[in-house]
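Each of the next two complexes has subunit A plus one other chain: subunit B in the first, subunit C in the second.
And then the complex of A and B:
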């Protein structure tokens, strides 16, 4: 069964950082380049996030995610180079299609921001167990009931994805065509999806009853299975990230006012 | 004793409706999986959210939508800002279902179009802030490029970009969710209804 989480178990400094501090980093890594709208800043931020991925020994895992985004990045670059509103300077032309400097710079800026944002999230995703993140959030005051919901998703979704394989085989055995022209494939959609959905609803009912029996609705304080991750200087890092974001906003606001 | 019509927003956080959220997200995921298995040209990645909103109202729909995109974010971080779009979709469907817009086929089509317009209104600003208005879908972005070159309006280009894929996708997703909603056994539906004649203990 394929896991939904991309967590990679490694021993690194980044893995020992607590999940909430990583959330603060994501916040800063998104705010700073988007607010400052400067090419150099975007490149620096993207580089920092990538370096942190390397420190966490997960750069190779990150590259597979970036590979999926490659096509989108190319599209963005081309469309910006050809059709940006501020396009004025033609850099080169291929058979009558002009590539403009302004658009290309803007395209690189968007791609860098995208890289930075994705890399920042990947730092959290690749180096943190989802259950650790949820437990830490609950400790910080997040609703334990929604916390349960999130954690259970990581178990239910792979289960349902497995069920789809079984049902696809079963329906094929009954003669449902899953390959061929578009109308044929559209017709196969419901026979494949329907049984999984109905099944999951039956399970939902049973799960709800099982939870009620185990006092899911009880109002008293919840205890935790795992101990909290203790990361030294967590506070200092968090303050640093907030300050970075705030100063970026202040710099921009100052630039607008002056 | 019971009120005839409760507000669609009266919270219904029973254990049953909370347990619906993982199922909804599972259905979203499985819908996407079947689409890629059959190589269909749509996304169909919010059938579960729509179904949960029809069953348990706007709140559960909104939570299912938000959690859905955050969880997808664990595989594809780009989807996280679009949690707002999913929340808007959940709320829209939940409210409209409450006021009877799931009663007939044509009403469901109206619901799909309203949902599509509202999700476009929410996602276009996100597209503009993050990607200068592009969606990452090849067909939509091609239209974006053409319109932008002709009209120089990022807003218009981005809206069309969003709608080109949004309209067929919304209609297909809503019809399928509605079909499943109809196919569910009645005793299951009862689990999520609170404004019925049966008093709760």
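And then the complex of A and C:
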């Protein structure tokens, strides 16, 4: 069965880092370039995140995600290069359309921040099992109910997609046309909604009962079958990431005050 | 020692006029296996839900009488509290998969995690449940990748691992092949020998007759009979109760061959009275 999880099984240093430390990294990777607003910092942050993806042996998997974002990045770059409010210095022109240095620099800065942010999240998503992440969060005091919801999305949504296929086949067997032009597909989609939604409601009720009878609401402290990911230098890295973020904010605040 | 006491149990679903359970009373001793049989909509599943507290805590409605399992009065306990004493396996294996675990092993351990057991205890109980239900080879598979029968056995393992003193199974073998059905009943037999009390709703009469100590026959929400398989299946009014006797009993009935005062209900019993030799 397909899962929504993008986790890639590899043996790497990044895979051995605990999920909470990766969350701290995401925090720092977002705060630092956004607060410092410097092109070099943005490039360095993006480069670090990409290097970490490479260390985690998941750069190739990340490229697929970046390919999806490529169009958005190009659009941002063109809009900035052509229409940034601070545009003054023309670098080159094509058919009378001027490309400005200020906008292009700002476009690259935004793209680098996006790259850094997406890569930082991908470090977490591609190198961490969703169950490890959720279990670590619950260990840290996160609600088990919310944890359950997050985890079940990874499994139950793809299964619902499978149920849609089954219902589609059943309707096709009764003569409903489900393939063809867009209007035909839309017409076929509407009768699907009733059975899928009703089926989901019924399954949800039964699953809620099944959770209850497995003591999901028991008041005692929960335990875990899987041991927590034991990353030796977790605390040092977390402190480092917080310090980086705080220093960036302090540097910016100092700059503004001066 | 009485593990289940049901006294004058009445229940009506919200917005329904007819009682789903009407003055049901019976008692079950520790380690007994009780088969619950009857027509569809006779109240079997509602009774199962009442034994674990889903009725009246999950399904609201009008409730009367008492259900006491292992000393706990269900009406005054939450479903999660009751779950520590009595487990239930439903008919549909798909909806019993939590959806929050990525492997069969983790799925079976889900209830134990909620109970707060240590990792070592969990591993011991999960291993035992997986071996008992013969699904240990699938332990690393995704729960949703299993077949209906394997999924049902995983659901049973998930409850058995919690080691409740009573287990209620609502048509657990409806999606199982004959071998899977036999494995489930043998597992129940083994657990019962260890003192676990079993209440099982089942339509496969041969299995009920072979494995259960007593049979509760339900009709229109009422208790129509509660006795040993031989006494129940020897009755003349079975068709009025919506129940078929095992095929061995029917053969012996047709030939008028009794074993003592009652007709045999198992293959071994039928072979004895018919004088079959191996």
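Please note the rule applied: the second predicted complex is superposed on the first by the 232 of 258 C-alpha atoms of A that agree within 3 Å, B and C clash if a C-alpha of one lies under 4 Å from a C-alpha of the other, contacts with A are read in each partner's own complex, and residues count from 1 in each chain.
The criterion applied here is as follows: contacts are C-beta pairs under 8 Å (C-beta built on N, C-alpha and C of every residue); 3 or more make two chains touch, one makes a residue touch a chain.
Worth saying up front: this structure is predicted, and the values here are computed from it rather than measured.
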Touched partner set for A:35, first subunit B, second subunit C, both or neither: neither
First, second, both or neither for A:85, with subunit B first and subunit C second: first
Touching partner for A:212 - first (subunit B), second (subunit C), both, neither: both
Partner chain in contact with A:48 - subunit B first, subunit C second, else both or neither: neither
Which superposed partner A:110 touches (first subunit B, second subunit C, both, neither): first
Which of subunit B and subunit C A:76 touches, first, second, both or neither: first
Partner, of subunit C and subunit B, that touches more residues belonging to subunit A: B
Touched partner set for A:129, first subunit B, second subunit C, both or neither: second
Partner chain in contact with A:223 - subunit B first, subunit C second, else both or neither: second
Overlap of the subunit B and subunit C footprints on subunit A, listed as residue numbers: 130, 148, 152, 156, 159, 203, 207-208, 211-212, 216-217
Contact set on subunit B toward subunit A in their complex: 13-16, 18-23, 25-27, 29-31, 33-35, 37-41, 47, 51, 63, 67, 70-71, 73-78, 80, 129-132, 134, 136, 138, 141, 144-145, 148-149, 152, 154, 176, 179-180, 183-184, 188, 191
Touching residues on subunit A, where the partner in the complex is subunit B: 4-6, 34, 65, 68-69, 72, 75-76, 78-80, 82-85, 106, 110, 113-114, 117-118, 120-122, 125, 130, 145-146, 148-150, 152-154, 156-157, 159-161, 163-164, 168, 178, 182, 185-186, 188-190, 192-194, 196-198, 200-205, 207-208, 211-212, 216-217
Residues of subunit A touching subunit C in the complex: 1, 3, 129-131, 134, 147-148, 151-152, 155-156, 159, 203, 206-227
Contact footprint of subunit A on subunit C as seen in their complex: 52, 54, 58, 78-81, 83-84, 87-88, 90, 92, 94-102, 105-106, 109-119, 122-123, 126, 142-145, 155, 158-159, 162
